[in-house]
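Across the two complexes that follow, chain A remains constant while its partner is chain B and subsequently chain C.
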Partner chain A sequence: MRKISTSGILSFALGALAAGAMAFGAAAAPPKGAPKALKVAFVDFFSGGAAVFGVSGKGTSEWVVAKWNKEGGIGGVPIDLVLVDEGGGPKKQVSELRRLVLDEKVDAVVGYTSSGNCLAIAPVAEELKVLTVVHVCGTHRLTEDNKLKYVFRTASNQAADSVSLARYVLSVKPDLKTIAGANEDYAWGRDSWEAFKIAIQRLKPDVKVVAELWTKFQAGEYSAEISRLLAARPDAIHSSFWGGGLITFIKQAGPRGLFDQSLVALSTGEQVLQNVGKSMPDGVIAAPRATAGFFALEGAPGHKAFVEAIYKHNKRYPDYPAYRTYQAWAGLKGAYEKAIADAGRWPTTEEVIKAFEGLSWETPSGTVAMRSDHQAVHGGLVGVTKFSKEHGFAILENIVHHKAEDINPPLGTKTLDWVRAIK
Partner chain B sequence: MMNWRALPRAGVAAAALLIVVPPFLPGWILFVLTKAMFMFIAVMGVSVLLRGGLLTFGHALYYATGAYAVGFCVKWLGVRELIFLIPLGALAGFIMAALVGVVMARYREVFFAMLNLAFSMMLFGALLKLYWVTGGTDGLAIGTATLAGIRLTGDSFGYYYFSLAMVGIVTLVVYRFMASPAGYFLRAMYDNEIRIEYSGVAVRQVVYRTYLLAGTLGGVAGVLAAFTIGHIVPEDAFWIQSGEFVFVALLGGFGGVPGPMLGALVFEFLQTYASKYFPLAWQMMMGIIMLLIILFQPGGLWAIYQRIEARLTGKDRGGDHH
Partner chain C sequence: MNLLTIIFFDAINYAATLFLLSVGLTVVFGVMRILNVSHGGIYALGAYMGTWLALWVLEVDLPPVLTYLMLLLGALIVGFLLGPIIERLLLRRIYGSDMHIQLLLTFSILLILDDGMKLIWGMEPLFISEPYSMLGRFKVGGIIYPWYDFVLVGVAVVFGAALVWMVRATRFGKLVIAVIADREVSQAIGINVNLIFTVAFTVGALAAALGGAFVAPKIAVVPQFALEVVVLAFAVIAIGGMGSIEGAAIGAIVVSFARALAIHLAPEVELMAVYLIMILVLVVRPQGLFGEVELRRI
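Our next item is the complex of A and B:
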């Protein structure tokens, strides 16, 4: 008995000591060699049409950085956030990146929504050896045309959006016969439609394309396209319109009955739900670009708290740019923390890169996994719109969660080759 | 006219500064300077036309022609050799100007400005539409230039000095042109076109030749820009790009060579610092500066220097008892 009590006291004392050490460790000074602050730039559109994404990304970045800094930053080092506008084209962004690295001496860069910009800055980031986490840009060319060491993309590429829509359309309408596409005439629109069309025809070879419409970038006037779509009477319509263009398309196509006639699938449809309010008819397929939705809270832990906090901070529910921005920041933090643990001191950029490759991290939109080709994969949801009295706008119902492997090409396979062979 | 003669002194000083100072500057400033070099060459084309009273809102046509000439050489041939590509870009700009110029030489004023705009937007549309060839809005990756086989990255000293050498050549060519009969008639055209016709000179010829020069300069600028940035996009042909060239010409003053150089340098640094200190309102800052220049200094920044110089030399003369 005495023996037991001794060991009991001993183990209690040891336990207390260990707990004390842990508590001390958590609150204690950052690891050896740590800088005063980790300077990270966030680059997104704060001007122009794509500012609808950038403003959401900016708010989410400000919120997450403030939250983490209150909790001790990354490994005890606070984050110093630098905001940079993505407007002005690749010429400006390439120059800005040099300034950020050489003048402001940032430790890492998070951002880039435009595909043109992310393709332009990737070689420069490699040359400058700066850890760059691309959060939204969707072109598969980023990871397939470049051999990346310093650049990571923490979100699925564009094909995930098209393939998840194709799968969902066929699950809703298994007897699908005809499809049509209405997309913007630039790389994003072309790539989106291409992947959707190939995926549908691969999954159901007898489906015919009855119209392929190309509109001007953010045209804002779609009466001719709507007339053609009404005349072509396709079973399903795919569109990758986004932002202001998508909002006006919905407002113009709704009253003319396009959504009643055909099943319409919008790859960025979830992003505008809060903007179009009652103009969004029920029964339209919409997706948040392979992320999660604030209306579908089951699953990932901490999702509800995330949605509430973002709503409070941004005065808007998190849309896909918000989820993707969080994915990027959380990936960066995860990589740093793993590298700190591995090295036992403050890591070099190369050590962070090593930790980033193969890292899996939890986000409100589920688990994100970074592959060795620096392309992250994750699952995402698709649903159909249904007006919600509680919100004052439509949210999604009949939600299907696609698994990462169902909507992303496996490592080493080119995106288009994979889409051509999907099952 | 005095501007052209004023160059030697100011020009020698400026050249000396641009040659000697860069090695002492941090790397990112060197890059901003390199951008100013190709900007200057493109703006010089716009300025030469402005000397004849010809305002163009479509000069990006030539700039993008040069840039995409490089883009296709890189894409199809894997060629990144400046010794080959600079003449090719110049030739591409020249040929484009030779074709478009046939139409342009007939028009003046707002028609000239708008037709140029139309042609440049046609190229923009083509670059956008021919997605399979041009990569659409995603653009084309250019990579690193070589000079006689030696790799020159866009932010290297070697590339900067190569750009500076191009600026030197362009300056000489523009001087020669302005000193030629066509150059004199061009300036006279600004004052009175009909009188030139009466003196027996075909104004259309003068405009055409000037247009060829401007187009060629645009092509050279496009080649340098493509390798400086390392990536080209259809926006290189967009009207905003053309507007930027006009902005810089007005900012610096289009009277001679120093004005566009001053304009290009100030523009690049303004843009850099505006987005550093006003990340959410840098475009508005640029607009405000443009407004102030137009309202208070229509001759551009170079005119300020000239006024100061005139005052100083005036005093000097007083002392010298000339």
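Our next item is the complex of A and C:
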């Protein structure tokens, strides 16, 4: 039997220690002044028609936080995740935010899917001086009607969706003459339709609007709206319905032939593909709101691994809320890490904000860049639905990729002014 | 003419859903004088149970036509199980209490039901579309309607007619009317008021569950989806008159026509139209179109 020398044991032990250190946080010790944990709230819908967003957002947040905590957290500090339901309307969200900051003492907040909610909480987040990273909310007014210091949005605003849909509709139907809109009667629906209508009429000035319909938030009934759209016979229909509302719309409109009669463009259509299965007809224009899409894997390095990991964790392919949730968390992490490197110690919120402005970070969708107006910009894709036997539901084909500068207004230009001048 | 036909069909179609949703609310209020906030939860549970059973039929490759039977079965299970349980175990303890106690209790039941549904079925929507599209479709005024929409109208008419028959033409109905008129005297002359209450609440729960189960194939069944709808049900019974079955039918028709007219003629006022009519009715006739002025007893 071979004898093991003392020095051999020692060097093995040292090697094991070094390997362990690399695995558990190549991570050096936390910087000076670091807290025991970084407490971050994730706010998304866990009830109501919009809960399909929360399912993705919650799953992705839990996955990414667990993964990073295993790797050493942010700058060696683990993240303490607090989950909060976004249901109940803007007033409730304002009180929830106050509770999170004053009682729960969170260090940052990630979330807000509804445009109504993000508009309501932004001034309060500024007043409470809490770093808030908005992940899905789409209204351009968030960054244009508010002077933001503490609030960031890590994804493109609705103009990116409306303009890319308008361009795509005209490429599919160059002889377009009439359009109609069916949208929810609040910030997201109003702003999305306004930008789509302006973009279409700018690109083809003779297009006429034959119906503009406004429904309740997450309405569960669209029969009369569908009759109105069938009677108006528009060449194309724009809808920014989302979540449960969009699922109901597809369920009710499909059997009534609306998708056969008109070309329908759904700005959040990609999100419900996995829910509606065969009920989504082929040939409907849909987009993953300027993110990559699990069906188009030629994105950034690591995209495939992201899709596989999210599928394993969420039992669902990453839809656009999953991509946007990751974008928000990765932006927050990037900002903290840059601020730690700049300060050489645990940074103040103001130092994190300074690091966030101008930050670029990699995501499965590609590079995201945060501008000084706290609005991130990135490219995106649009396609049409086609049933996939392999998946058991429709995915997108005939995909067109847009560069960030083609679907986002430049810094300093108001969104609608930019849309009015697109070429 | 074409437009009026379309508006008529749209309105009738939606009125059926609204009637099924609100008639149970009005029956419970009429007999028991309880404003049952948990009604929306029972409606949602009917939708979940019906959809879940119908999905099972499709999963095990049974004939898809059985999905209709499963929707009905789901509603019956929820109505006949939940109705007596809620009434006997919980509501019975608060008869005669202040209105706010009743509201708190029924609201708590709603929250418990909602969380229960989340625990059982999760947050992902339950999705079934076969029953909605399987029956085919027809055209009126150039507009396509699925036949299923009119199955709903049929279910609403049959259920409404059965209720009216039960109240007006049976011995049990006469006992119910006696209890509505004077609970104490009814008890004094030997009517089993407790049984009447259990039956009334079960009928209310059954109506809600039927509505939920048969509407489910045309909507996304998601947590708390009934909360929004139940607010509309309160508008319906306020317009029709609280406690009146005929009132619930007329209220549902008025609300549906107001909504359909607004969508076709002035979409901007769609959300306001229903509540504007409710305010007008309440200003002119505070007890609602079919409601009766309650006499104050000394």
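One rule holds for everything that comes next: the second predicted complex is superposed on the first by the 395 of 423 C-alpha atoms of A that agree within 3 Å, B and C clash if a C-alpha of one lies under 4 Å from a C-alpha of the other, contacts with A are read in each partner's own complex, and residues count from 1 in each chain.
We take it that contacts are C-beta pairs under 8 Å (C-beta built on N, C-alpha and C of every residue); 3 or more make two chains touch, one makes a residue touch a chain.
Nothing here was measured: the structure is a model prediction, and the numbers come from that model.
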Partner chain in contact with A:98 - chain B first, chain C second, else both or neither: first
Which of chain B and chain C A:190 touches, first, second, both or neither: first
Chain B versus chain C as contact partner of A:68, first or second or both or neither: neither
First (chain B), second (chain C), both or neither touched by A:127: first
First (chain B), second (chain C), both or neither touched by A:87: both
First, second, both or neither for A:139, with chain B first and chain C second: first
First, second, both or neither for A:223, with chain B first and chain C second: second
Touched partner set for A:47, first chain B, second chain C, both or neither: both
Partner chain in contact with A:277 - chain B first, chain C second, else both or neither: second
Chain B and chain C footprints on chain A, overlapping residues: 46-47, 87, 185, 217
Complex contacts: residues of chain A adjacent to chain B: 46-47, 83-85, 87-92, 94-96, 98-99, 101-104, 115-116, 119-120, 123-124, 127, 139, 141, 145, 185-188, 190, 217
Chain B - residues contacting chain A, complex: 26-28, 31-32, 35, 128-129, 131, 135-139, 141, 143, 153-155, 225, 229-233, 235-236, 268, 271-272, 275-276, 279-280, 282-283
Contact footprint of chain A on chain C as seen in their complex: 2-3, 6-7, 9-11, 13-14, 17, 114, 118, 122-125, 127, 129, 132-133, 137, 141-146, 149, 215, 217-220, 222-225, 227-229, 259-260, 263-264, 267-268, 270-271
Complex contacts: residues of chain A adjacent to chain C: 46-49, 51-52, 54-55, 87, 185, 211-221, 223-225, 227-228, 230-231, 243-245, 247-248, 251-252, 254-257, 275-277, 279, 316
